[in-house]
Each structure stands twice: as structure tokens, then as C-alpha cells.
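Here it is: the structure, laid out below.
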Amino acid sequence: MISYFKRALSDFIRHRFLHGVCTATIALSVFIISAFTLFFVNAGALMNTWQKGIRVIAYLEPGVNQGARKALIQRIKAFDGVEDVVFISRQKAFSWLKKEIGRQSSLLEGLEDNPLPDSLEIKISRSALNVKDIEYLASRIKTFNAVNGVEYARKWLARFKGVYDLFRITGIILVTMVFIAIMFIVANTIRLILFSRREEIEITRIIGADEEFIRNPFYIEAAMLGFLGGITGITLLFISFALSMPTISPSGILPFFTIRFIPPAAGIAIVISSVIVSWMGCYFSIRRFLHM
Amino acid sequence: MISYFKRALSDFIRHRFLHGVCTATIALSVFIISAFTLFFVNAGALMNTWQKGIRVIAYLEPGVNQGARKALIQRIKAFDGVEDVVFISRQKAFSWLKKEIGRQSSLLEGLEDNPLPDSLEIKISRSALNVKDIEYLASRIKTFNAVNGVEYARKWLARFKGVYDLFRITGIILVTMVFIAIMFIVANTIRLILFSRREEIEITRIIGADEEFIRNPFYIEAAMLGFLGGITGITLLFISFALSMPTISPSGILPFFTIRFIPPAAGIAIVISSVIVSWMGCYFSIRRFLHM
Amino acid sequence: MDIKPDKHEKMETRASRKKKSVIGFFNVCKFYGESDAIVDVSFTISKDDFALITGPSGAGKSTVIRIIYMGETISSGSVIVDGMNLLRITRPQVPLLRRKIGVIFQDFKLIPSKTVFGNVALVLEAAGVRSKNIIHDKVMSVLETVGIGDRAASYPPTLSGGEQQRVAVARAMVGEPKIILADEPTASLDPEAADAIYQLLQDVHARGTTVVVTTHDLNLLEKGGTRVIHLKSGRMVSIVNQDVWNGL
Amino acid sequence: MDIKPDKHEKMETRASRKKKSVIGFFNVCKFYGESDAIVDVSFTISKDDFALITGPSGAGKSTVIRIIYMGETISSGSVIVDGMNLLRITRPQVPLLRRKIGVIFQDFKLIPSKTVFGNVALVLEAAGVRSKNIIHDKVMSVLETVGIGDRAASYPPTLSGGEQQRVAVARAMVGEPKIILADEPTASLDPEAADAIYQLLQDVHARGTTVVVTTHDLNLLEKGGTRVIHLKSGRMVSIVNQDVWNGL
């Protein structure tokens, strides 16, 4: 095994040009795939910040006392998908309403009395962001005696959810397709390497080398290519990221959101995939050349 | 020239394997780049549907008569970026408010009189979607005598605009980077073809062929590869698109938006780029092999 | 052509009562599409033979060599090499067969990206020799023997034609194979260097290696081998057993 | 070695008073790193010469050939081919020079992915011949001449060594060059085929082509040329002007 490694290493140096070109291709492929990972991870995170706004309001019957309210809050908190429950007094709600209506708040001045009820603001945990779950939750909350009515941004939620789902599905489809395309590109490049070296393979075979002796260095080389290419690709992405951040950030006017580089775990996963894909590209291509 | 074409064509057939692999790589590259074009074009269109909601409301002074109002509407319509101006009577506005406030509309029942003013709803044309332009427009409208005040979703606009800009900038950066990466990949693949055929190039040279005679068929071949690869790549994308649409559409719950394939013009542009990039890849690689 | 391999094997056994035959061709044909490279060729070569295969260009000499090391499969007939019926051999056995055979290819077949040393050492590495020292010593000694020890670190494309041919000879001999197949081993060499290589082949033959040489070199033919097979247009013209002939 | 090209050109002019010299080497050296392939070699070959370059393996014969067709640049000295000083030649002139020269390479240098016909036709295509018919007729007639007309549609890797060599000969001759450089053109051929090729070279020579042949084939040497240049270890051993020698 060590001897295979040595042969692979000397092969690697011997065929500098071929391996250089191949490493570059793998690096660029990794660059592409990880650039999109970067994009979708951040876009997903950005969408998550919007989703924080989703909450269900439960209006309480007039005259529910503090004890009953606290019990109610406990029971609602026990539901799946509920992150937090906050009590909003009718006074608070009225002042918010005034703010919301804004310019037209003058129209509320005619009212001598606050007509709003007490309410509970129920924050939905992110994982439970699903129209049906929220509808179900709302219907359950409505059944409580102390609850007079339930309200949530049904329309907006459905619309946002649609966009979010579309985004997620297209993201997954896209990244999968690109991943497959990249896989073939890497395999193709390795196939071209093997093609350029077919004479060498043939000579090695007719002087009595067995398949293992011929194949193993190629496998090791392919893995090395994948590793080098993977590292280079991610480094390339990091540099591009660092260089383009100044362009993106100030114009962004998005103080509530910072773009992050792909998490280290994803980076490691990408390098490992790169190694595996290169290895597999070699595996499938070499059969062609070994049996020709 | 015709003889070069003939030689290119026979070369093409003679080196089936090499050219097959290369065409596949180019096709996959085109596939990737056009998949992302598809994604960003549609995402952009989706964002545009949101932006339709942006409008400026101008509240009129009480007692502006119909004639003055019509003159005002004409003057506002004359501004850049204004698509349409619609008059909203105070009665209409009051009934909308009731709907909007929804459950709490009971609180308006205490009001014997409608406190809202008449208003004009000014639709902004899509091209003028720019926070500063809208601010400027609003300030101009405010100066009219008949206008009492101006209101628009300043916060939401800024936020949406931020996301939209971020999306556009990252989209441009991403597609540019991927385009460059793809360019190198294609050039690399063509470089590997030339590498595999360096012996043939060398022999052709030493039997007295001049550089033009050697190069031209390669250029033509590269362009053919680019063309074939481009067409194949877009076809591949179309098939993937057709296959994945059923997965995306029904779940989308986005009746107001249909995903479209890349416009024919973009498709043609992509194929042409593919030809140009292949040709350039050949151009830069062949120098290496012709002067070695 | 309908004779079954089994029958040949029996013939073979009978033949080896007198002499151990290492290579046996029995009614071998090799067709390429419509043209035939070898037609109905039968001969045996014994362990202690120094066989010469001769004939004009395109006679099928190299084809015979290629068939022996399984660089080519036959169209009909049967071939036995060192007791193995080549029609019945399994894929993993092929490398084992090839390690018993050292081949000097007419077109050298050196790996251009490996040094002379690396080319020759590859045979030992492929045969599973692990020790760097053993490999180094063996390779250098065989390179010295063929007279290109000083070019060990060069790459084949930088060698002259004759130097490349000597590397090919070195590579065929380094594994100390049972059989050496030499396809025109002196074509690119001047008479002196050719004599040296010929002497070398006779030395390994004397040490018990079966040697098969194809040649159109009249000098080599004059020096003679123990068995001379003459081909023309893929057909056998004659087989001369030199010892018997001399004894006439 | 410090002699300037101009001086050589003058020498050249003086020499050509008697005989038009087509190839002139003046104190040519060619080093590869530390080793030297050619040291201080000077000779001229006239238009009507049939020159033989001989010497043992590694003497520098192929290097001389490579220098003439500019397959290699020289380290010092100067070389004149058909009136062109190779040190002063511009890049676009190189193909023009090469079209005047037909080379039979020692390792054939055939393009494996082109048919025999395609390999030979390439010379004419590169020289700018457009007519399919002319190309076809010329190529087929030269292939017939070397005796492999029936293999025109084959690919070089499917040819025997001798057949490949004959394709190489055909390719060198098809363009009707002024000069033919033949690097061991009969090494892979049996005596009969070798004679035929040698006869062919003498025929083109008789028709006015300058022929330079490298060889270690004693038969070829015995038949003799008009000028025999003997190299050893890259140095000149002797130049014999056969006609003068015969006239002694």
C-alpha cells in the first residue's frame, strides 16, 4: 500500500501538466458548488429572519383573571411548535393600534373608551413554520373557554410559505443538478487523464502488472486530485467572498442580517465529496481503459 | 477555408472519444450556467410581483373640487416613474379601513362621522423602484397646494429594496464567478484535448505545416464543440426543467406566479457564449502547444 | 482447424517425451478482418531452444510474438506456453504468464514519462519486488550489461534509437524470465552493438532461458539458432532443427 | 567555435564555385545539458550527392538529421540548408524550409489516428495542394511504389514494423522534396525490401534529389554513396568523397 502511495506521488509529479489542469477543473467545480451552497445557506437564513414575524394572536374573553390567564399560557406553551407566549394588555394593544394607524390616529380620538380586548401573542418556533400546523394550532387554541377569538396573517403566511417552499425546492433541485453535473465534469476530466496515459497503462499491463498494481496508484491520485481541488476550490471561494463582501454589505442596507461564509462542517463535507467524486470518476473511467 | 472545415469535421469523427468527453463537459457547464440563469430570472420576476404593491398615497386637503383634482392627477402622472394615479374617495377609504382593522372594526362603530380625507393612490412603475426616487417623488407631490400629506411604506420599501439589491448583487457576482469558472473548465478540457493530441500536432508541424494549417481545424473544432455542447446543455436543462416542474408547481401555492424557462434570446446568447468560450479556450491553450 | 485443444495437449505430452517443449503452436490462425496475419502455423519450441523466426516484412513474425505473450488472441488453433493453454487462461492468470516472459518489442514500448531506470524497474515492481535496494542493484547491473548504465536517469525520448532498443533489451531481461521474446532486437543497432546484444541473448540462453528471436538480419541467421522457423505471408515455409541439420 | 556565420557563408560561396552545396555544417556543436551529441562537426553536401552518415549507436547521426530539418537548434557553429542560414531563419520560414525536405524518421512518426493514406496525404495538404484528385493520385502512386498500396486504408498501429517504415518512406517522398533525409530507412526491413527502398532512393537521387541516409547497415555502406560521413561519439571520424576515392 505504501508503495502504491509512493508511485502515486511520483506519478503526480511526473504528470504535472495533466494533474495541474485536472486539479484546476476540480477546484473550479468545487468553487461553483460551494458558491451555491453559500448562496442558498445565506438566502435561507435571510428568509428565516422574516419568518420571525409570524405569530398567532389569541383574544381573551373580557374579565379573565390573572390566575386563569397564567394557566392558559402554560397550556398553550405546551403545544408543539409554540416558542413563547406573551400577554398583551388591552391598553398596550390600543397604543400600538394608534401607532399602526399612524396619520389617521386622529380618528381614534373620537373614542372615549378603549374597545380592544386583552390578548396573548403566541410566537411560533421556526421549525413549525407550516401553514397547516399553524391552522391546526389556531383551531385548538380557539377551543379554550377563556379565548374569544384567534387571528393570524393567514394570507401573508400562505404567500410567504409558498415562496419559501419554492425557493427551498428549486434550491435543492438546482444544487442537486449542479452537483451531478459537476460529478460528470470531474469524471470526464479524470477520463481525459486516463486517456492521455492509456499507452503507459497498456505498456505496464503487457510487462506483467496485474490490475491492482495498475489501478491503485490511479485511485490514490484521483483522491489526491479531489482533495487538492477541494481545498483549492474552497480557498478560492473564500477569497472571492472576502473580496466581494465590501461590494455587497454597504449597499445591502440590511443591518439586521449578516452574510456568513459556509459553515466549516459544510466545507469539510464538500472536500470529502470532492475526494469521493474524484475517486468514483476514476473508478468508472478506469474500467473502460483497463478492458480496452 | 472549406478544406479546414473538412479537416475539422474528419478530425471530429476520428477523435470521437476525446470530443465526446469534451462536448459532455461543455454541455454540463452550459447546463449549470443556464440553470442559474433560469433561477435568477425567475427569482427576479417573483420579486417583481411583490414590488407591484408599492404605491404612494397623497392625502388631499378637504374640499378640493373635481376640476382641481383632475388637474392634479394629470400633473402627478407627468412625473417620471409614475405609472398610474387613482382617486380614492374618503368613503371608500373608510370602508377599506374597516376591513383592514378587521375584528376590531367594532371600535369604529363609535364614530358617527368618517374622519378620513380623500386621497390619490399613485402607482410607481417598476423601473423606478428605488428608495431615493420614491422619496424625491413624494417630496415633490407634497409641495402641491391641494395635497395635505404624503404617505408610503417607507420602512417596508427600504427593507425590501435591501433584500432585492442584495439578491441582485449576489446574483450578478455569483453568475459572473460561475461563468468565469465555467470558462476555465471549458478551456481546461480543450487543453486536455490538445495535450492528448500534442504528438499529432508535433508531427504535422515537422512535415512542413504552417501554424495556420495546424491551428485552424482546432479552432473550428473548438467552435463546433462549443456549439454542440451549448445546444446539448440547454436541451438538458429544458428536459430537467420539464421533469422537475411537476414537483415545484403544485407545492408552490403560488397561483400568482408561473415559473418560466429562460427566454429564447438568453438561450441563444448562452449558445453563442459557449462557442466563444470554447474558441477562446482553444486560442489560449493552443499557443502553449504550438510553442513548446 | 477443427482439432480440439485437448488433442493438442496430448500431442504436446507425447512430444515432450523427448524434449520439454515450452511454446507450442498448433494450427494457429490469426485473422484481422479479411486479411490474415498467420495461417495454420504449427511449431514447438523447447526449453533449451534458441529459436529464430525469420521472414520478410509483414510475414507474421511479430504476430507470433504477440500471441505468445497474449498481446493478441488467436482466431483458431491453440497455443500452449509453459504448460498453459492460452485459450483456457483466466484473466488474473495473464499477468502471471507475462511475468514468465520478457519481451523486447519491435517498437520498444518504453514509457516516455518514466526514466530509463523507472522503465526497467517497473517490471520488478509489477512482479512484487518491494526492496528498493534489490531493484536498484538489479536494474543498474542489467543497464550496465547492455551498455547504457550512464543514461539511467534519462527519459526515453532523449535517447538515440539504438539506446532505446538497449533499454528495451534491459527491461526484457531484468525480471530473469523463463522465456525471452525478442522482436528484431538489433534492428536499430550498429553491427558491434548488435553483436554484443546477440552475445547477451546467448549468455542468458546458456543460463537456461528459452530465447525466441525474430529477425531479418542475415548475420544473425548465419550465426544460427537451434531452431529456425521461416514464415512468409503468414504461412510456414520451413522449420529447421539446426542440431539435426548439422548432424546430417 | 568563434567563427561568425558570415564567415561561413563566405566559405560556402567559395566552396560552391565548384559544386553547388545544399547542406553545410560549419563547426556545429549540439549539447544537451552536460552531454554533447555533436562536437565541432563540419561538412558540406552538394546538390547531386547521395550522402551516407554512419557511425555506432549514439554517434549523433539522428541529431545531424534533426538539425537539418530544424527539429533541433544548434548550440554553436552554423548550418546552411538550401542557401538559408538556419540561425537567421524566421519562424514563418521554418515550414517553407521543411517542405523542401522529406524526412524518414527513425521512429517513423506516423499519426496513429490517421490512415496510411491520410498520413501521406497530409504532406501535400500542408503544402497547400487543394485538389483531391491530385492528392489521391500522388499518394496512391507513391504507396504502390513502396509496396503498401493495399494498406492505404489501414491505421499505422495495425501495420507491421516494416510496413510502417515503408509508409514513412512514402511520406518523405510524396512531396517531391529537394532533399530527402532518411534516418535508418531500412532498419526494420528484410534484405529484399531494404534493397527495394535503397533502389527507390537511388532513383529519386538520379532524378535530381539530394539524398542523405544515416545507416549502420553494412550492405548499404558497401553499395556506397557519393560521400560517406563517419561519426563517432558526436565527432567526425572521416569524410570520404567516394568519386574522388574511386578516382585515386
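A few remarks follow.
As written, the chain order gives the labels A, B, C and D, with residue 1 at the start of each chain.
Heads up, the rule we're going with is that a contact is a pair of C-beta atoms (placed from the backbone, for glycine too) under 8 Å apart; a residue touches a chain by one contact, two chains touch by 3 or more.
Owing to the predicted nature of the structure, the values given are computational and were not obtained by experimental measurement.
Between chain A and chain B, the least number of touch steps comes to 1. When each chain is reduced to the average of its Cα atoms, C sits farthest from chain B.
Computed centre separation for the pair chain C/chain D is 32 angstrom, with centres defined by C-alpha atoms.
Centroid to centroid, with C-alpha atoms defining each point, chain A and chain D lie 68 Å apart. Averaged C-alpha coordinates put the centre of chain A at 63 Å from the centre of chain C. If the chains shown are joined wherever they touch, the resulting network closes on itself as one ring, and no chain has more or fewer than two partners.
According to the touch criterion at the top of this document, the contacting chain pairs are A-B, A-C, B-D, C-D.
Chain B meets chain A in the complex at residues 17-18, 21-22, 24-25, 28-29, 31-32, 35-36, 39, 42-43, 46, 59, 97, 102-104, 106-108, 110-111, 113, 115-116, 149, 151, 158-159, 161-163, 165-167, 169-170, 173-174, 177-178, 181-182, 184-185, 188-189, 191-193, 195-196, 240, 244, 247-248, 251-254, 259. If you check the complex, the residues on chain A that touch chain C are 3, 7, 14-15, 199-200, 203-211, 213. Against chain D, the residues of chain C that register as touching in their complex are 32, 55-58, 61-62, 106-107, 158, 160-163, 165-166, 183-184, 187-193, 216, 218.
Looking at the complex, you find that chain C touches chain A at residues 69, 71, 92, 95-96, 98-99, 101, 103, 109-111, 113-114, 122-123, 125-127, 130, 171, 175.
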